[in-house]
Amino acid sequence: MEQKILLTECSDAVGLIARVTNICFKYNLNIVHQDQFASEDDKRFFMRTVLSGIFANEENFLSEIKSVLPADAIVRLNGRQKRRLAVLVTKEAHCLGDILMKAYSGALNADIVMVAGNYPDLGDLAARFDIPFHLVSHEGISREEQEERMCQVIDDCNPDYVVLAKYMRILSPRMVGHYPLGKLINIHHSFLPAFIGAKPYQQAFDRGVKIIGATAHFVTNNLDEGPIIEQDVIKVNHNYDAADMAKAGRDVERLVLMRALSRVLDDKVFIHGNKTVVF
Amino acid sequence: MEQKILLTECSDAVGLIARVTNICFKYNLNIVHQDQFASEDDKRFFMRTVLSGIFANEENFLSEIKSVLPADAIVRLNGRQKRRLAVLVTKEAHCLGDILMKAYSGALNADIVMVAGNYPDLGDLAARFDIPFHLVSHEGISREEQEERMCQVIDDCNPDYVVLAKYMRILSPRMVGHYPLGKLINIHHSFLPAFIGAKPYQQAFDRGVKIIGATAHFVTNNLDEGPIIEQDVIKVNHNYDAADMAKAGRDVERLVLMRALSRVLDDKVFIHGNKTVVF
Amino acid sequence: MEQKILLTECSDAVGLIARVTNICFKYNLNIVHQDQFASEDDKRFFMRTVLSGIFANEENFLSEIKSVLPADAIVRLNGRQKRRLAVLVTKEAHCLGDILMKAYSGALNADIVMVAGNYPDLGDLAARFDIPFHLVSHEGISREEQEERMCQVIDDCNPDYVVLAKYMRILSPRMVGHYPLGKLINIHHSFLPAFIGAKPYQQAFDRGVKIIGATAHFVTNNLDEGPIIEQDVIKVNHNYDAADMAKAGRDVERLVLMRALSRVLDDKVFIHGNKTVVF
Amino acid sequence: MEQKILLTECSDAVGLIARVTNICFKYNLNIVHQDQFASEDDKRFFMRTVLSGIFANEENFLSEIKSVLPADAIVRLNGRQKRRLAVLVTKEAHCLGDILMKAYSGALNADIVMVAGNYPDLGDLAARFDIPFHLVSHEGISREEQEERMCQVIDDCNPDYVVLAKYMRILSPRMVGHYPLGKLINIHHSFLPAFIGAKPYQQAFDRGVKIIGATAHFVTNNLDEGPIIEQDVIKVNHNYDAADMAKAGRDVERLVLMRALSRVLDDKVFIHGNKTVVF
């Protein structure tokens, strides 16, 4: 018996769950687990169904499901095979390290197909796990050219997701637009109150914050403003200087990124406008 | 349009969700929200469905649902009316205080119909919120007699739930058995490692624990061992003496009890053997 | 044997701890507990010393301590007597409720001397705990006049601290300036990212945040920008609508305010520029 | 200017802080940071002082400090050099992975001098970071002999600390006694309630716990009962099967171990009977 995940998304309507589950029933597919959500404001319906059985005629199954759903329905049936991840980095090792280690120990349902950085610093770490590393420096070339090279390097390895694991460059709308929404995942620090501009940990220190947060989100053209997948915070106090705050921030960043990534790889995340539904 | 909650529980089988949601669809009831869970080990199915619509013929609706489910199915359709709570206490005010205040401010979907204590200490607090208080002292009478009086006082007010809000007496099997499983809710402190016997906070202090926990659970005949509804912890350190630990413990106790109570009152908790399913 | 708390604050210098503790030693005062902090950037020194002994000649003791400290030193010796709290409110009961209940049960080292609101809604709650309530409506009068009346009501009861427990009015610089920095304590919701303007929970919902925070701080003329005493967050998800987020926010607000208040009342909070040192 | 850490531990007495800080002052050593704790029950005094200055005559400095302290005083002056860690493992990679990665990225003030396992599984991971791996199998030999070989392998590399990073063998009293208390650090899962015996995650699942914890502690002859350094928990729910709980447990185990290790390496942990003082 195989397991696959059916992902359904459409305008809300009466009886959607019944319609879909009836067809699963008809195809002798057992529902191992199911989550669904219907938004009250814009009436969107999202459902994640873990099915178990023999998937003999997927095409028919999917078109039959589509036939009972509103015309705007998006229906996918995903196997549990490992996804392909490309990881973009700059100099900080903490997020890349966690990704490599979790993938190495089998705790992440993904293959890291490539690491690319605008600095060479993390090439050694990638090499230790036998992952190809591409240096795509930004020095001496235009932003446009650097991004074109980076996109080339990414596209060559055909990843399912691109993880910006402390890639300290702002992506141009052109590069963002080169990928479908939901393919690029970013992690960044977050503060209460929010700080804009350079040296955020210095600003956090100057402001005397008592917690430091991190936000994992899909990338859109609004900097640090795409649909949020996961957030968390860590406590700090007056004994923390700016460097200590940055260190604490790195711990919460890697945790939040790994949780977000884990949910994405489990097909638990739907994009809903500028928000997410995370089952 | 009214909202009601359909609670379904039975042996797991293929197509259960479709069968139930088909009937909801047939009765023109819209599914606002639905959660379900099927256990893999003992194959039990639990579903909570928030329905919206006109509930014209509930009896037919329920019997039609039962007719498509396994014979062991338990099906309930609950309105959103306030539940009746009886609260048992001894001397500590923190849990009772939160219950009274949340009920007072409308944040708890319940009416506190009575407070009963084996000491008179909290009578004043109940009176401040115009809640009847019954002193059921254990002094000078047998355990059996005290429990009989307490059960009488409870039964006279016909509560939906009885909350043991730091009621510091161990209930006899006879008193426990007097109520259906799921009606009595208890809160107690919890430690890593666990401590048995008197003065648990002194033991926790002596052991040098770094966290103190609380567990809210349904009451069974195994002392502190019924189905767990909610747990949480609070951090402590070497600066805490036994009294400070008890104070920290009180804060986590009231939070855990309120969260458990809130979920129970929202019909989000199913009992599953000696465990719970909490949607 | 009595306990008092010695609070020392001055420019940092070599040997400050030795100088102060030598004098404590000379006066036969035992150090039960001591915390100190010296900032690296602006070289300020803060120390909280819990002393036990017979406090026969406090004036001499304090002037002797001052004589060995830099000229800018502020030295206080506080007893453990209950502080006087005035509480300002509007319509929401959750923060006031916790304050009243904790004070009632002896868990807060304070007397609530007065509650004042710009709406009458919470007068009943205050009355249940025998606390005087003053309605200082803003209707039909100027901001200036309303503030003058409020300050009068506050000053009449001579409080040590004024707690803005969801008092939904922005204080003018004049009213803020009427009190020394450190006397006014406020609680407000906080978000990642931050939201400005009306209906913050609606904005948080629209943005799809996964955590909701609260910040307790001393009040300055920068709205929501005074020295932060305590912060924390609570997790939310896509199932929360704006009202659910507000409800979750109320729970974290009352917890954060109570923790901040408890530390202030224990003389554990120093103001350090626009930051705090919280021992 | 160099920084060193002065660690003082002795019977409590009046004026200890003054006596020590006076001598620091005399030697022109500035106190960058200081924490102290005096236990009320058994009257023990612990102090950690971060000193900055020129450490010209350490021997005189330390003997002068000892001369003003009770006879049972233990005084150490530690530099900030990296400590030597030996890591014992079995088959699970999560704790070793975090240690290696943090050491690699410079976030841990330690050199991993050796990894030893009773199975060969983690040899590859150690090799990727150029750390020597020793297989000390328990197969075909007595417990005594296996432990002798392990101690030999450990002692050959002369570590400051031995970290049992999911080393799934119970150490005999003989092996425990071979090392001073405080040298062996262990991590283990913890539950509310506690579970004894095999398959703890299966027991936790069967019991329906809502949180899973981890405890890092120094090793003594009482299995899982030495002085606790750090504890934390992670939330789980009815959707977690035993394998999911074990996976969640691994995440909290590695976090708790890393926090404990970080504090030990910063000389922030004192052993106080069967408890710890963690500054």
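Brief remarks on what is shown
Going in written order, the chains are labelled A, B, C and D, and every chain counts its residues from 1.
Rule of thumb we're sticking to: contacts are C-beta pairs under 8 Å (C-beta built on N, C-alpha and C of every residue); 3 or more make two chains touch, one makes a residue touch a chain.
None of these values were measured; they are calculated from a predicted model.
Legend: contact pairs of A-C compared by residue number with B-C, B-D or A-D; the interface matching in over half of them is B-D. Taking B-D and A-B together, the chain pair joined by more C-beta contacts is B-D. With centres defined as mean CA coordinates, subunit B is found 37 Å away from subunit A. Between subunit B and subunit D, the centres computed from C-alpha atoms are 40 Å apart. In subunit D, the residues that reach two or more other chains under the touch definition are 33, 37, 239.
Subunit D contributes residues 14-15, 17-18, 21-22, 24-25, 28, 30-38 to its touches with subunit C in the complex. Per the touch definition, subunit C reaches subunit B in the complex via residues 33, 93-94, 97-98, 101, 104-105, 107, 125, 128-129, 239, 247, 250, 255.
On subunit C, the positions that touch subunit A within their shared complex are 37, 40, 190-194, 206-211, 213, 215, 224-225, 227-233, 237-239, 241, 272-278.
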